[in-house]
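So that you can tell them apart, the chains are marked A, B, C and D in the order they are listed, and the count of residues begins at 1 in each.
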């Protein structure tokens, strides 16, 4: 299938340009002061929006802190709940499995609008509405399915032979999990973690409904800016959003690689 | 939620409100010092529309530092539309949540009406505010009534606004003085005029301005808040808007969702005529280099709708005393004069001019209202009071059904 | 039996969260859609809100609009994504680009994607400026309406921008893992390049394409941000209409919103069923 | 049906790891007369399969030409060339039934449904798989898959049939019966066939013509028995299992080896002598020239590893492999004398390229694969 024709690379280039050009335009907007019709490039540039991003009134630090803590917490909790669930779905068969699989899949497609209003009432009664903990819990719903799905595939690929081997060699279930299964699924967990972090970071409606405006994440800042047409400010915050996501993903990828290499030495030793 | 618990909540609420009605004026008048003490070192969550960076900046850089300095209060501004705020309060009420996070809410019109009807507000509290008693004429029509609905001390005036049009004089030579001329202008410049879709605040006000221009306010105010009656009464205005449609931006198939979009489109030169509920929007934007120098504001000959916007305290505010201190601070001549400056916000003051000292008057007189504005007294003379609050959602619906379809 | 017990035990934390929050969150919406909303004194269950919403003049256009943008955007994403995947495979650049390609749509949220589309496709966007510079149009008004338009093109563009790379990566991975000998066998048996794709590769891709289609369809049908930000004033996408009814100042309007929410959820659950069906097919195939 | 000719084919792939392109085929020429089976024997690598892909048009050679019936087909695209390749893994389309798989090529040519069905039925009966017509590839066994793959290839009535190790993934018994089946089928259809394999027994039994491919070069071509008994080099000899090597010297028309002397018509000089395991006889002999290292029971024969005492001089193997009859079984460590008919010794130049076998024969065979 690898034939050389100039057409295919050209088409590929066009595709990638279409996909990436908008991001470049975004960067230009973030430093544009005035960009009147019909100039192709801004008439005046200024770093004002970037400066105001770092001024006190932008609340950059609390927003970033809240975003990262929230998404990080959601990632950790989701992973913690996903690992056992994925193990059950990936390796065991039990009555009602298909129903469980559907339920576990559902929040990927069913939008937050379906459950956010009711969840808000529920949380009000539990006294965790408008709180960090409440938003954290709420984010588990759209995040868990991703974690479970990825890790189910990991468990399926891994099988339970190695864990059984460990048991035969005298490891307790906990030891077998800790010393055999966990190192083996760690790379999968790391890459799932990257995705979970972003899914959480992107949640607008849930954060809005359950956080009551007190939990201000990057998404919460972004949507009104886009809605009200604050293009330069929106561009700046968007860039920040992408940078944070990217950074976390890279960290996770490195963690995954480290896990993978440590897994190798584990095998060698 | 059980039926019995609902009854119980209702009784509790009634009791609390009754207590406030009876005791509030005396209690607060004598104990403002206690209110100040109670609020020192607290956080006040200020919820309101956050779509105008100028307004946000004023709250963050003018009001917040003063509160911090004078009363040790931390002002936490939360940008949230009033619809969302009311819904949140409603859910909280349904769940009997008594320690709500919202302390101050920016509100007026039909939203105040809905909030009052569902007992979502704390009060009456305005008479407890020293600055309200000193500078505000509580009996004035635009303070005692909000879109025709009595405020009864449940909200304190924040600022006054009026719908103002602006045009690029280079491209739109003549300022349309009324709806017919607006249609003429649209025919002459097809696709370059539009208005935000109601229920956007500005778009809704534009529709009411057209209604008042064509039908007249007097013909409407006495009607009941009944959809069919109103539909009949405003039919000529809706017909006009339908006639205007083909000449609008995107042939009227779609409308900008917000006034900020209008602002961007005007700045981009996509439209030649815009409108804002902030009377001094244009000069601020000209100064910032966003609007062309040739921008000029104008109002219809028969006037445009204007109103007062208010601040209220939710029924379950955790920090009601802090909220009162914040609202009281916003009623100081310094604060009111500061936001009057078009470079800052351009919002009209709510204080009674006659009650101000000469130094305080000087604060207002020193404000430069900038280029391209309509003179304040000229504008105020052409101010049409808002229609009754409960008409607003009905008119918005009629617009959706007749014009948008 | 013991393994079943163990499975349930392992599933408990996840099911607790999903059961309590997801189902528990949906239950009040369902109740309110039938007019049971004690907080505002509505305690008589009724079907009248369903009747009113279904009979209303905006519901059907909204539903059709949502289905339309969901269908067009996900079908487009699948088609163009497949094309992109084939290009990646043919040019042999896949390995390098795949990672970045997979990352872009994931790390850029809908809200930012909306901003990108606005910057590019609005009447004074970059595309219009390029057309103006090359003399195709003389004013922004000459630019066809691509955002805020009734067809929802802007919204579709947002979903395409996110969906194409997603579909491309899914298809690319399946293609890469597909035995190239199948393709080769087809051609030595006399299939042209198109025939080999049509009769061998496409049928084998079909389970993945279907599940990707359903997934993207579900996303675009239920998501709120994009149509809220750059959708037309009329008809509004169903989630936007539901949201607007939800924030109506009069709380007695909430059941109308909840009827729409229930409709959205119902359709989404149908899609979930379809998705799990296709997913099972995909797993069988691999 | 056609005769096939390859002229001077060369092909290399650019390797990512090493910068230099890796030569896979260099100047390979061969001819297969109409209706014959040409078997290409060689260690598993890309070379053999690459050659097949070049014949059917999946790959384009850098140099050389492919001719069917004397006509170059290089410019004919793969789908119209009429050379069908059957892969080792059968490569059945998993989403199509057996019947649909067989009819696939006809469908591509736009044959009517009736014709498709008729040919499929014919082919199914040819490969004796009528009962599986409606099954999916996932539901039939490995041997059946290969038969379907053959039927699928034959259904399009190809001019040339190309088989890429078609049975190597099957177990030994099935492999044997499939090979017999394939031979019978080929005779019946008389289709020109190019087969590649790494199994020398298969190659010897199945081919009309045998070619040895090593390191991208064709070492030797000819009738199977000829190639087997007269290898052109130690490398060629090694294709057929372990061979025994030792020093030989020729002087004045006389050959002298550890096995004795005989007249030889080679010029004077040192040579490398070779004998197959079955060409050496063993006798228990306390004063013999070797000792039994190990014995391996091989069914009809016993294979002995013998340590010869004459290996020290540096040129021959340090261990000999001898195939003996079951009678008079020798014990490990027993001293033996080895004898052979000296006129059967095959002579190679002394500096011939050859390798010492590893510890056991099986590992050597693996090495070949």
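We take it that a residue touches a chain if its C-beta (ideal position, glycine included) is under 8 Å from a C-beta of that chain, and two chains touch if they have at least 3 such contacts.
Quick caveat: nothing in here was measured; it's all calculated off a predicted structure.
If chain C is removed from consideration, the chains that remain connect by touching into the groups A, B | D.
Taking the CA centroid of chain C as reference, the farthest chain centroid is that of D.
Taking the mean of the C-alpha atoms as each chain's centre, chain A and chain C sit 18 Å apart.
Computed from the mean C-alpha positions, the centre of chain A lies at a distance of 38 Å from the centre of chain B. Each chain gets one centre point, the mean of its Cα atoms, and the points for chain A and chain D are 55 Å apart.
A straight line joining the Cα centres of chain B and chain C is 37 Å long.
The residues of chain C that reach two or more other chains are 124, 140, 229, 246, listed in rising order. Across the assembly, chain A contributes 37, 117, 121, 227, 231 as residues in contact with two or more other chains. Counting only residues that touch two or more partner chains, chain B has 84, 91, 94-95, 257, 268-270. According to the touch criterion at the top of this document, the contacting chain pairs are A-B, A-C, B-C, C-D. Listing the residues of chain C that touch chain B in their complex gives 37-41, 43, 57-58, 123-124, 140-141, 145, 148-150, 229, 232-234, 244, 246-251, 254.
Interface residues of chain A, counted against chain C in their complex, comprise 1-3, 8-9, 11-12, 15-16, 19-23, 25-26, 29, 37-40, 80-82, 84-85, 87-89, 92-95, 97-98, 100-119, 121-122, 137-138, 140-141, 144, 148, 195, 198, 201-202, 204-205, 219, 222-223, 226-227, 231, 234-235, 238, 241-242, 245-246, 249. Within the complex, the chain B residues that touch chain A are 45, 47, 50-53, 56-57, 60-61, 78-80, 84, 88, 91-92, 94-97, 101-102, 257-258, 260-261, 263-264, 267-270, 289-290.
Contact residues on chain A toward chain B in their complex (touch as defined above): 33-34, 36-37, 44, 57, 117, 120-121, 124-125, 127, 129-130, 208, 212-214, 216, 224, 227-231, 233. Within the complex formed with chain D, the residues of chain C that make contact are 179, 181-182, 184-192, 195, 199-200, 203-204, 206, 285.
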